[in-house]
Every structure is written in C-alpha cells, then in structure tokens.
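In what follows, structures are represented as structure tokens.
You will see subunit A twice below: alongside subunit B first, and alongside subunit C after that.
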Partner chain A sequence: MEQKLRREAKALLEQGQVDYIVGFEPGSLKFTTTPLITRDKEEVDRLVINPFIVNNLANFLTELKGRVGIIAKGCDSRSIVSLIQDNKVAREDVVILGIPCPGIIDLSKVEELIGKDRDELEAISREGDKVVITADGKTSEFSITEVLFDNCLGCELPTPQEYDILLGEPTLPVTDRSASQAKIEQLKGMPPQPRWEFWSNELSRCIRCYACRNVCPACFCQRCFVEETEPQWLMPVPRWQDNLMFQVIRNIHVAGRCTDCGECERACPVNIPLRSLTKEMYDIVGELFHFKAGMDKDTAPLMTHYEQEEAEDFIR
Partner chain B sequence: MRLINNSKKVNKKDIGKLLSQWSEEFVVFVPSKENGVVMMAKWDGTDTSFVDWYRNTVIPPKAHFLPPMEEMFRFQKDKGSYQLEQPASDGQKQLIFAIRPCDANALAILDKVFEDAYEDPYYLSRRKNRLLVGLGCTNPYDSCFCTSLGSSPSDAANVDLMLTDIGDEFLIEGVTDAGKQLIAQTSGLEEATEADDSRAKEVREASYHKVTRRIDTKDINSKLLSCFEDEDYWEKVAAKCISCGICTLLCPTCYCFDISDELVKQQGTRFRCWDSCAFPIYTKMPMENPREEKWRRVRQKVCHKYEFYLMNFGVIACTGCGRCIRLCPVNWDITQTLNSLPAKT
Partner chain C sequence: MKQESEWEPRLLGFLCKWCSYAGADLAGTSRKKYPANIRIIKVPCSGRIDPLFILKALRLGFDGVLVSGCHPGECHYQTGNYRARRRIALTKKFLEYMGVEPTRIQASWVSASEGGKFAEVVTEVTNELKEIGPNRLFDEERDIYGTKIAP
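So, the complex of A and B:
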C-alpha cells in the first residue's frame, strides 16, 4: 500500500495535479508518525502507512493555498467532506488518497497494558486481530480491541466513501461498541452531583493550550470566540468554570461537523477525556437530526441550513 | 571505612519517614499522577509509590513559581477611584521533592528574567521559600537532550540537595547551605560509605550515556542569525505546526504571561496567566500583527530560546527536558530543526 501511495503521490506532483502532498512520515520518537506536507516529489518517498498514523490531516486543508493531495483515513475523509459542505474547501482542489483504515493504536492503552512508557518498548506490531508487543525481550500478545483508540472501536466508516484514489481493498471496522462507549456510559450513569464534580476536577487541569481546538478540522474559525475581547465571552484565565464553558461552546460549534476522529482527546496534554463530550454530542446530533457529519458532500451542513418545514417556530 | 564528606543515604523504604519529618517544616510536594498526568502535588502523607514509576512530570515545576494563573491584586471601584487590595503573600515554605536537574536548571534560567531584568515580587517571594530536592535521572526519555546543553541527568547545579538512586537507597548530598542545613537537622539518615559514593558515580556515568538525542549548540546563535531571513526554510519547518500552546506553556523555561482584568459588579481582579508566542493573537496590535504567519511564530520560538535569550542573558533558554517533543500532537521536534539549519546563504 505504501509503495502505491508513494507512486500515486509522486505522479500527482509530477503531473502538476496538486501543489502539495499531505501525508505521514516516520516521527522522531518510537511508534510515532508526523505530518509530511511537501511540494517535493523526492520527499514523497518518506510517506508511510502504519497503525500509528494518528493525525487528522484534513486540519491542514484550510491553511494550504492551492491544490492538495491528501492521505485520508475514514474519519479524516469525513472531515474533508464536512469542510466541503461548509464551503471551506472546494472538492476540485483536493485529491483524496483514501486509506481503508483498520484502526489506530492508542499508545496510552499499550503503556497501561505493559506497565511501561512507549519509549521503553521494543516493538509493537499488528498481526490481523492481534497486536504483539515486545518489551525487555519478552513478547506478549493482545486482542487488537484492547489497544485501538476508543473512537476507532466505534468507527462507522473505516474506508473513505469520498476519494479519488483508494489505496487497498475496503475494510470492515474492528468494533467493540461497548468498549468504545464505556467511559461515556459510566458518566451518563452518574448522578448529576458526582458528574459535575468529575468534570470540574478534570477541567481544573486544563492549561488553555487550545490543542483540542487546533487539531480539530471542524474548528476552522479564523478567530475563535475565546479570543474576542469586545465582548469578552470568556476569560483567558484557566479556571475550571471558564474551561468548562470553553468546552461546552466548542462542542456546540462542532456539532454536526465532528466526525469522532478522536484527535481532541488524543492531543490533550493533561488527559481530559474530551471525547466523552464530543461523542455524546455526535450521538445527540444523530438522534435529533438523523445527521452524521461528513457523509455526503452534496448535503447541506446541519447547523447553517434552514428549511421551510422546520419543526420549531423560533427559527422562522 | 572512610565516610564521604557530607553525604548521607536513606533506604527507599524509609522515604515516607523522611518526607513526614520534612512535612513538619515544609509543605512537601512529590510527583503524583492525576488521570495519568504526572505533576508535583502536595504529598498525602503516605504514598511514596512514585519512587517506582516516576520519570518526569508533564506539568513543569515552574508552575510552583509562575503558576498557570494567579491573582495579582483585587480592586474595588470606590466613587471616582479604585481601592487596591494586595493578595495575601505566598509565604508558604514548600519543599519540592524529586525535581529533575533539567527543571531545576530551568528555574535558574527564569531567574534571569524575574530577578535580573526586573524584580517580579510574585515569582521572587515563591523562589525564596521553596527548597528544591533534586533527584538524578536513571531512565531518561528518548526525547531528552540535556547533555547537549552542558548539563546531565545528575546535574546538581541548581538544587538545594541532590539525591542519587544507588539501588535500594538514595545517596543524599547537600548542595546549598540551606540543603546542607536541612540534612544536618534531619534524623534517621545513614552515613554514606565510599562504596555508596562509587556506586553513585557509576549510576551518573551510565545515565549520562542513556541520553542519546543530541543537538549541536556550537555557534548556534550565529547560525540562527544567518538563516533568520530564510523564509523558505522556516515555512517548511513550520508547515505541520498547529499553533497550539503545548510546547511553550509546558516548557520549563517559557515565561510569557498575559494580564487580564475581571470586573464583576464593582469588584475587580487582575489576573495573570500563561501565554504563548505560538498563538496568532499573542502579537496582535491595533494596526497589525507582526507574526500573523505561522512560520514567523515558529521562528520566534526557536530564536528566542537559542539566539535572543543567549544574547540577552548569556544562556540558552532550553534545558533539554524534551517535553516539547514528547507532548507535541504532531511530533514537531525542535532538535530536528536545530540540526537542519541551513548554512549561510
């Protein structure tokens, strides 16, 4: 798949069909990859596809000028489609190199299973439904469902639906719906007071680095409401109450755009379980509006769209 | 058996007793985990399990000196003027246990700004009543590069007393007068032997070689100066940066802060909180923004640490702790940038 990707990417640059290729190359730390954004056809030889391609590269589309050839997993392709729906990206300006994605490995889960940090591990390899981890010369085998990201375990579209070139055969998702929803169900089962305490405690750690917002393709505002000073919607002071308001408003803003790619939670340096908010919103959007973000580029975006037959009076 | 001057040792099993003793004089902070996030937190009086798992914190101990947010003062609108109310002085005597050499060195770097460039009363009052107990690293991360910055995993230059992991025990050495005094008044410590001392030397030597990430700091400021205008280079290295604040806010030497006022009815509070040069709004001014483009912000971050700070204060504002590499959501790696600076054009 990697060889095909490199060939296709090189051809796109050589034929002048794209100005940039956006993909993944090996990262500088063990078991990492890093975004490769290049115009250089020699550099595309560094492109990789492996179980560690975490980033949602759709995030870069709104800042790159020109035509872009972009590597997209299922969830990323939905983010691209969502950006097209919102008129942030023109379909003809992207060449989507789709990857049927069998799920991405969550290194935090691996660390938890082995009791060691990622840089202390020797190897992690995926073999079908299993993952084989080597540490201190010893190998151990686990079911792949134990190490995939929660959002991958709930994946609804592992193979991009919208693509120009599909690299590899369509794949089925590795699902473990209950593991995927475990944290959320636990929170929903809590009485309001303990749940409130849970969130006040979690959000007290927030340092307002805005990584959750900045890794998110759905957060494409030129200027975020937190940066407004006239009026000042929110203090820049990282008190948990302000942090909570930030997350609540961000969630409402990405409702109908969030594809449950899980990047916000993964990027958070202080492990705030942000997906428990975004996925719940994703499900609410599905339930109330029968809408799933980024499934069809020709459908109007959910929250910026009005129909004569709207059920509620207030909007007319 | 000859005793090493001043050095003592304590069995790891007795760390709790040691911390209890110190808790009588200080509020003791130790490495703790909160939902997997390691930070220095107030010791609960019993748990010393960090001895087994601790490598370094996510939140740098600078947070104890320059907190993520603090009240500078309160004010009250009183007819045409304002009444100011100073915050209660932070006179609490704290002991920060097991601070890593990189993070202690970072405080010495911050002192240049908060003590030499101007006197920051908030920072300095905390600096005066916090005692630093260093713990040398025996298992540095693959992202660590302290040895490229004239330091090492066992550097005791900026702690009050230093611990070295020699197996079942920690060797304890007083560094500053305050540290030596604390050792003198602590009971239950054993005298260290010559064998302990040579074991500690071996450990330090071995740790040094475990740090494999390198940068070349020779002439780094002039190299940066000569490629400062190389827009193509900076655009290329900045391309994947997402302009979040992780690498700066969690950097132990980054000190930028933002000041804001909050007025609720007639009661006001002036806050200051961490700020980051990675944010486009950081340099936003009424007429223009000199760092609107991402590459200019990335360049600023690198040059501030390795060129401007060196020019202004004679030291590089980086201790090689590696947090910016470990925690970056896109694996933007400053060592790769520093190692690939274009030669003079």
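So, the complex of A and C:
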C-alpha cells in the first residue's frame, strides 16, 4: 500500500496534476507520525501508511492554495466531503488518495495494557484482528479492539466513499459499535445534576489553548466567536463557565460537519473527554435530522436547509 | 440573593417582531393576564437567535429562555423560523445531554393575532420553571463583567 501510495503521489506531482501532496511521514518519537506537506517529488518517498496515522489531514485543505493530493482515511474523506459541501474546497482542486482504514492504534491504551511507557516498547505490529506488542524481548498478543481509538471502534465508514485513487481493498464497517459508546452511555445513565457537575469538573481543567478548535477540519471560521470583542461573548480567562460555553457552542457550530474523527480529544493537552460531546452531537444530528456528515458531496450542509415537517414536538 | 420562598423565576423571551412581539402587544391591549416574570427582547426574526444567546442568558442567571416566532410557513423572511427550529432543537437536546433541564429552553409559535396563546404560553412556562426551581447551573450571582445580576 505504501509503495503504491508513493508511486501514485510521485506521478501526480510529475504530471502536474497537483501542487502539493499532503500525507504522513514518520514522527520524531517512536510509533508516531507527523503530517508531511510537500511539493517535492523526491520527498514523497518519506510517505508512510501504518496503524499510527492519527491526524485528520483535511484540516490543511482550507489553508493550502492550489491543487492538493491528500491522503484520506474514511473519517478524513468525510471531513473533505463536508468541506466541499460548505464550498470551502472545490472538488476539482483535491485529489483524494483513499486509504481503507482498519483503525488507528491508541498508544495510551497500549501503555495501559503493557504498563510501560511507549518509549520502552520495541515494536507494535498489527496482524489481522490481533496486535502484537514487543517489550523487553517478550511478545504479547491482544485483540485489536483493545487498542484502537474509541472512535475507530464505532467507525461507520472505514473506506472512503469519495476518492480518486483507492489504495488497497475496501474494509467493512464495524458491526458492534457498543464499545465506542460506553463512556457516553455511562454519562446518559446519570441524573442531570451529576452530569452537569461531571462536565463542569472536566472543563475546569481546560486551559483554553483552542487546540481542539485548531485541529478540527470542521472549525474553519476566519474569526471564531471566542475572539469576538464586540460583543465579548466569552472572557479569555479559562474559567469553567466560559470553557463550558465554548465547548457547547463549538459543538453546535460543528453539528452536521463533525465526522467523529476524534481529533479534538487527541489534541487536548489536559485529556478532557471531548469525544463524548462531539459523538453525542453527531448522534443527535442523526436522530433529529437523519443527517450524516460528509457522506455525499451533493447534499446541502445541515444548517442551511430544512424539512417542512421535522422535530416540532418541543415547540408550543 | 432573595429568599427561596419569595423566589420568582426570571424568563427571557426572544420574540419575533413580526408575530410574537405583536402577539404580546395584543395580549396587553386585550387585557389578558400573564405572569410578569418574562423579560422581552424584540428580534427581527426567530432565525436571528443564535444558540449563543440562549446559553448566555442561562449564564447570566435567567431561569429559562423562550424563543417565540411565527408558525411554520408564515415567516416574514420565508425560512427564518425553520432554521430557528433546527438550531433550537439541537441546542435543547445537546444541553439536555450536558445536564441542563430541558424545561429551561422553550420555544413557541405565536402569531400576531394570538394574544391569548401568548399569555397561555408564558403562564405555562413560568409555572414549569417554578417547579424546577432557580437556575444554579453557572453558580454565579454576578455576571461576567462583575456586576450584580439584576433581579
């Protein structure tokens, strides 16, 4: 897959079909990857595909001028389609190199399983439904579901629907999504008061670095409401009241664009379970409006259209 | 802070100027009685309501927010109330998930000729808010500028 990717990427650059290639290269730390944005056809040899390609590269599309060849997993492809729906990116300006994604490995889950820091691990490799981890010369096998990210466990579209070149055979969506919903179901089982307290506690850790916003391909406003000063909706001071308002409004803003890629939660430096917010919003959108973000580039964005008859029972 | 016994809910109403606001006017001129717990802000259309307004009202200590617009199909700007409906539905559901009582976020369709309905809606909402008690969500007596919130 990697060889094919490099070949295709090189061809795209050589033929002048794209100005940039956006993909992944090995990161400076073990088992990590970092985004690679390049116009140089020699550099495409650094491109990799492995079970650690976490980032949602669609985020770069709105910033790059010209035609872009972009590597996309299932969720990323949905983010790209969502940007196309919003007219932020023209379909003809992107060449989507689709990767059928079997799920991304969550290193913190691996660390928890093994009880060792990621630097002390020697190798992590995936073999079908198993993951083989080598540490101290010993190998141990685990089921893949134990180490994948929560959002990968509930993936609805592992193989991109919208692509120009598909690298590899399509993978099937997950059938049992209960594991990815565990945290949310647990929260829903709580009465309202403790739930509010849970969120105010979690969000009191927020330092308002806005990493969740900056990493999100759906958050593309030129000027975010949090930076608005006339009127000033939020104080820049990270108090939980402001943090909570920020997260609620951010989630409402990305409703119908969020594809549950889980980048916000991964970007969070203080480990706030942000996906429990975004996924719930994703589900609410599906339940109320039967809308799934980024599935079809020809449908209108969620908040710009309406049905005559829908969600009225709460109105007097 | 007032004593609990004499506590009265404070309801913020965002009323569309083409229908509900006129409806509220009609309720007044036709001497309908409704609780004085509602404070009204006139907006050009219910579609003007940003979820941010609702949240900010709760943040400032209002016990409930009522968004009132024209009946479906009667919007002065054709589609404003349909858009409002989507936004409020999302906001209400999402805040409910976060732990806000859904009663605090209310919406109604009231036309300019429905003074009676407006009085009814305000009475109902006020009574429901009385049942769930004061808004202590943001746990603040002062607003973000440090000024005491008006009673």
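Just so we're on the same page, the second predicted complex is superposed on the first by the 301 of 316 C-alpha atoms of A that agree within 3 Å, B and C clash if a C-alpha of one lies under 4 Å from a C-alpha of the other, contacts with A are read in each partner's own complex, and residues count from 1 in each chain.
Convention: a residue touches a chain if its C-beta (ideal position, glycine included) is under 8 Å from a C-beta of that chain, and two chains touch if they have at least 3 such contacts.
In this text, all values refer to a predicted model and were calculated from it rather than measured experimentally.
K.L.:
Quick check for you: in the superposed arrangement, does A:193 touch first (subunit B), second (subunit C), both or neither?
P.N.:
Only subunit C; A:193 stays clear of subunit B.
K.L.:
Touching A:210 in the superposition: subunit B (first), subunit C (second), both, neither?
P.N.:
first
K.L.:
Check the residue A:251 against both partner chains and state whether it touches subunit B (first), subunit C (second), both, or neither.
P.N.:
In the superposition, A:251 contacts subunit C only.
K.L.:
Taking the superposition as given, does A:37 touch the first partner, subunit B, the second, subunit C, both, or neither?
P.N.:
first
K.L.:
Who does A:235 touch here: subunit B (first), subunit C (second), both, or neither?
P.N.:
Both partners.
K.L.:
Could you list which residues of subunit A make contact with subunit B in one structure and with subunit C in the other?
P.N.:
Shared contact residues on subunit A: 235.
K.L.:
In the complex of these two chains, what residues of subunit A are touching subunit C?
P.N.:
187-188, 192-199, 225, 233, 235, 241-242, 244-245, 248-249, 251-252, 255, 277, 280-281, 284-285, 288-289, 302-303, 306, 308, 310-312, 314-316
K.L.:
Help me check something: in the complex, which residues belonging to subunit A touch subunit B?
P.N.:
Counting only subunit A, the residues touching subunit B are 27-30, 32-37, 55, 59-60, 63, 108, 117, 119-120, 202, 205, 207-211, 213-215, 223, 227, 235-239, 263, 266-267, 269-271, 273.
K.L.:
Over in the complex, which subunit B residues touch subunit A? Could you list them?
P.N.:
Going by the criterion above, the answer is residues 34-37, 55, 58-59, 68-69, 139, 141-143, 239-240, 242-246, 249-250, 258, 260, 262, 271, 273-276, 279, 281, 294, 325-327, 329-333, 335-336.
K.L.:
Which part of subunit C faces subunit A closely enough to touch in the complex?
P.N.:
Interface residues on the subunit C side: 51-52, 55-56, 59, 72-73, 79, 82-83, 85-102, 106-109, 121, 124-125, 137-140, 144.
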